[in-house]
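Following: one structure in structure tokens, then a few remarks.
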Amino acid sequence: MKTGRTFRWVALGLLGLFVIAPMAASIQFSLEAGYKGRLSLTAYSQALAEPGLGGSLLTSVKVALGAMGITLVLLVPTVIFVNLRFPRWRAVLDAISLLPLGVPAVVIVLGVLGSYRSLPNFFTGTPVILAFIYVILAMPYTYRAIDSGVRSIDLHTLVDAGRSMGAGWMKLFSRVLLPNLRSGILAAAFLTVALSLGEFAIASIMGFTTFPVWLVSVEGNNPYVAVALSITALLFTWILLVALAFAGSGRRRRTTGAFGVEIVDEIEEKEGLVPLPSAEATT
Amino acid sequence: MTALIAAAKKEGTINLTADPVTWANYGTIIKDFGHKYGLKVNDFNPNGTSAEELSEIVLDKGKGNEPDVVDVGPSFAIDGVHGEPGVFKGTIFAKYKSLEWNEIPAAWKNSEGYWQYDYSGVMAIGYNADVIKTPPTTWQSLLNPEFKNGVGLSNNPTSSNAGFSAVYAAALNTGGSLNNILPGINFFKQLNAVGNYNPVEAGGAGDAPMADKTVLATLDWTYNQLSWVKELKSVGITWKIVIPKGTPYASYYAMAISKYAAHPAAARLFIEYMFSPAGQNLWLEGGAVPATITAMQKAGTVSKAAEAAIPKLPKPPALATNAQATAAKALVVSDWASAVG
Amino acid sequence: MSVASGARVKRAGPGTRRRRYLSAIGVVPFLAYVGFFLVVPAASVMVQAFRDNNGGLSLSNLSTVLSSQQPWLHSYATSLELSAASAAIAGVLGLVGTVALVSSPNRILRRLVTTACGVLANTGGVPLAFAFIATIGNAGVATHLLSELGFNPYNNGFSLYSFTGLVIVYLYFLLPLVILLMLPPVEALRKEWREAAATLGASPRNYWQKVGLPVLTPPFIATLMVLFMDAFAAYATAEALTTGSVPLVPIEIGALLAGNVVSNSANLGDALGFGMIVIVGVAGALYVFVQRKTSRWLR
């Protein structure tokens, strides 16, 4: 798609400015640490020296990965299924996926704790329950991201082509559908992990020491440390997501399946724009 | 008492909740209590609210993080005995009278022993003395142009006791009373109209807005202002406290033991400790006036140094009854947004 | 676009219908999950909206919420306005940004941007509020710069701590969300279509008008819905910036259910929450209606 180069650079430039300016102001504040004119990293070294950092970080990462796993396992098949078999109900499920945004977090916590008191402690008394709740919190975004990805590929043609070549559902799913849905799935993964690493209110009320909860508990001592910690948290989340992104991209693989078709699993340059297998089938 | 200490040590842990480390010296209190009796002190949901504390008692039973002791606002303490409509029914506190029970005035405790007031603060103005050269000694002085965009509250008056109390304190000194908080709301309306009111969380979420001079003066409890003085000094800002002329407004918090405490002995030991002169002085050192102060002054057990650090009051502070406070709160909840929006 | 397997082919026989319903089992896990972790917990709390403070069934809370003497209707209005404004602005600006992004083929840049969007879409609360206070607050860096140049926005009617300020701050987490959600549909706009349109004599404007925008409309509407609800539910950021001076429903629910001031109005708080659910329900129904209309030609 050729759009004017000037348009592209102006748009991205303005966007970049809007995103970076507040971050830069925060970072500048955190570097000041009270001494006019002298920048220093004391706020950061103080922040990272506080006890409990490692444990809370580990808890958060585990919860985040758990929530991500549950999200993908739950939503990807559902979205594919709905788009394939019940397209008339797509909009209804969309609307259902938005429900979590209509329920305040405090109501979800009170409700879960109140309704499921009799469940085993392993479930409700450990951070495991957080992963399950975060799946719900992220659902409005993750459902949309996966659905957006699914609707942007030609699902029926892919499925028909694969089935007519004799592929079973599992092969179809893993070799044909998933690679084509990479950008949607990655977006959903990013959103879940970032949400989990940043969620504070529910984790705090339930008494779990996740990374955001730990952050708030140590920041009371110094305003610069508080800001430094929140910036560090954002940076850490970003690094984790980048690692996820690179892990989620496989190598270019050419496989000759039982039905004699060369399937290209990953086109490195054009994420999300994948030629249809039917266009490349050689029988 | 020795039996209690032994039983508590056997339990080994105590669960506290909603006690921020910079609030009324809780950081030191937690460390000291843990050291003195060799107990592990947990403080879950440290920035939690009184409502959350009560919910935690009810909903976290058996989870390992259920609170043993809570420190809540007076209306919440009353709810803990009679039930909170829409949340839980009946009593969720356990009765316990500490050794110092008789030193607490009758109006400040539940006669059966379910709760007692523990410490109080007075509404004070804190201000950046590097920028504001003339101390704001009256409520009216906050309307001066030097405070443009610079006067903040600790937090939302409809959900924060410190925020609400600032409005109540203003009412007492602008023609209102404990039965009439409307003038207080109107004072902030006026403050907003002249452009001096800054609605950011100035204190409730830390003191960053004070550190970067977004806010030049805040209204908060004396014990919080004292902790801002310390913190801001370490980053080069001179923060000073003033109790404005007129009638000061004070409010107590109440301590209670959970009926479902997982560590009942440790909970009772904590109460004993906090109401003994040692514990009461720890609160005093944080700038919070403890409930047994009159008895301690008579007995000479009060810490003179800590007492001296607390700003002197122009006259005895006003304390609202639960009925007065409830009515005032209802008005603030319905009128705040239209007043300062 | 394929027609064969998607179209509803009328076939005779009762067995087919039963098979259809059975195959609906594919959505059961999703519905069960939402039911277990959202509907049941929320309903168990919301049911209190219909009880008065003595525990009896009552519509008094609902009538309080709907009363014109009370501030709640105004809060709903403000919340809706704020959500609509931020969603609309974020949607349009975000779409422009997405189009600009897609034209760049650099894979590493794309990865960095999408991961950054994932992070930024989840920013909020005190850290975000403070970042903006430090930038365009009354003592912010940008404010200071502008004042040096002779124009102090705060002396000319602007304030970060207002409705307008909230819209600007909300953009910070809504824009990245738009980019993440609209990347697949925008990417799917085949280069080939653009070229085909050009060979048929269509100008870029024609292309966008007749092909590009109509194809993007259903996913764009879906994205707008998410933005709208996201902004509606946002709580911590508004609280940190305005502490109740801009009346918003989630903040008020928090004050009544989980605050330090009011301890006798939990049922009213639940009624306010019930109102939010009603709004989601209405918005959802509208959404289904609009989507079915605009997707028609694509199916």
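Details
By written order: A, B and C. Residues from 1 in each chain.
Criterion: a residue touches a chain if its C-beta (ideal position, glycine included) is under 8 Å from a C-beta of that chain, and two chains touch if they have at least 3 such contacts.
Keep in mind it's a predicted model, so treat the numbers as computed, not measured.
Of the two interfaces, B-C and A-C, the higher number of touching C-beta pairs belongs to A-C. Most remote from chain A, judged by the distance between CA-atom centroids, is B. Look at where the CA atoms of chain A average out and do the same for chain B: the two points lie 40 Å apart.
Chain centres here are Cα means. That of chain B falls 37 Å from that of chain C. Measuring from the averaged C-alpha position of chain A to that of chain C gives a distance of 17 Å. Looking at chain C, residues 126, 130, 134, 140, 254, 257-258, 270 sit in touch with two or more other chains. Each of residues 29, 110, 114, 205, 227 in chain A touches at least two other chains. Shared interface positions of chain B, i.e. residues touching 2 or more other chains, are given as 52, 55, 206, 208, 212.
Of all residues in chain B, those touching chain A in their complex are 17, 20-22, 43-48, 52, 55-56, 59-65, 206-208, 210-212, 231, 234-237. Partner chain B is touched in their complex by these residues of chain C: 48, 51-55, 70-71, 74-75, 126, 129-130, 133-134, 137-140, 154, 161, 239-247, 251-252, 254-267, 269-270. Those residues of chain B lying in contact with chain C across their complex are 49-52, 55, 73, 75-76, 79, 84-87, 89, 148-150, 153, 155-161, 163-164, 192, 198-201, 204-206, 208-209, 212-214, 326, 329-330, 332-338, 340-341.
Interface of chain A with chain C (complex): residues 1-3, 7-8, 11-12, 15, 18-19, 21-26, 28-29, 74-75, 77-78, 81-82, 84-108, 110-112, 114-116, 132-133, 135-136, 139-141, 144-145, 147-149, 151-154, 156-157, 159-160, 183-184, 186-187, 190-191, 193-195, 197-198, 200-201, 205, 227, 230-231, 234, 237-238, 241-242, 244-246, 268-273. By the touch criterion given at the top, residues 29, 33-36, 110, 113-114, 117, 121, 124-125, 204-208, 216-217, 219-224, 226-227 of chain A touch chain B in their complex.
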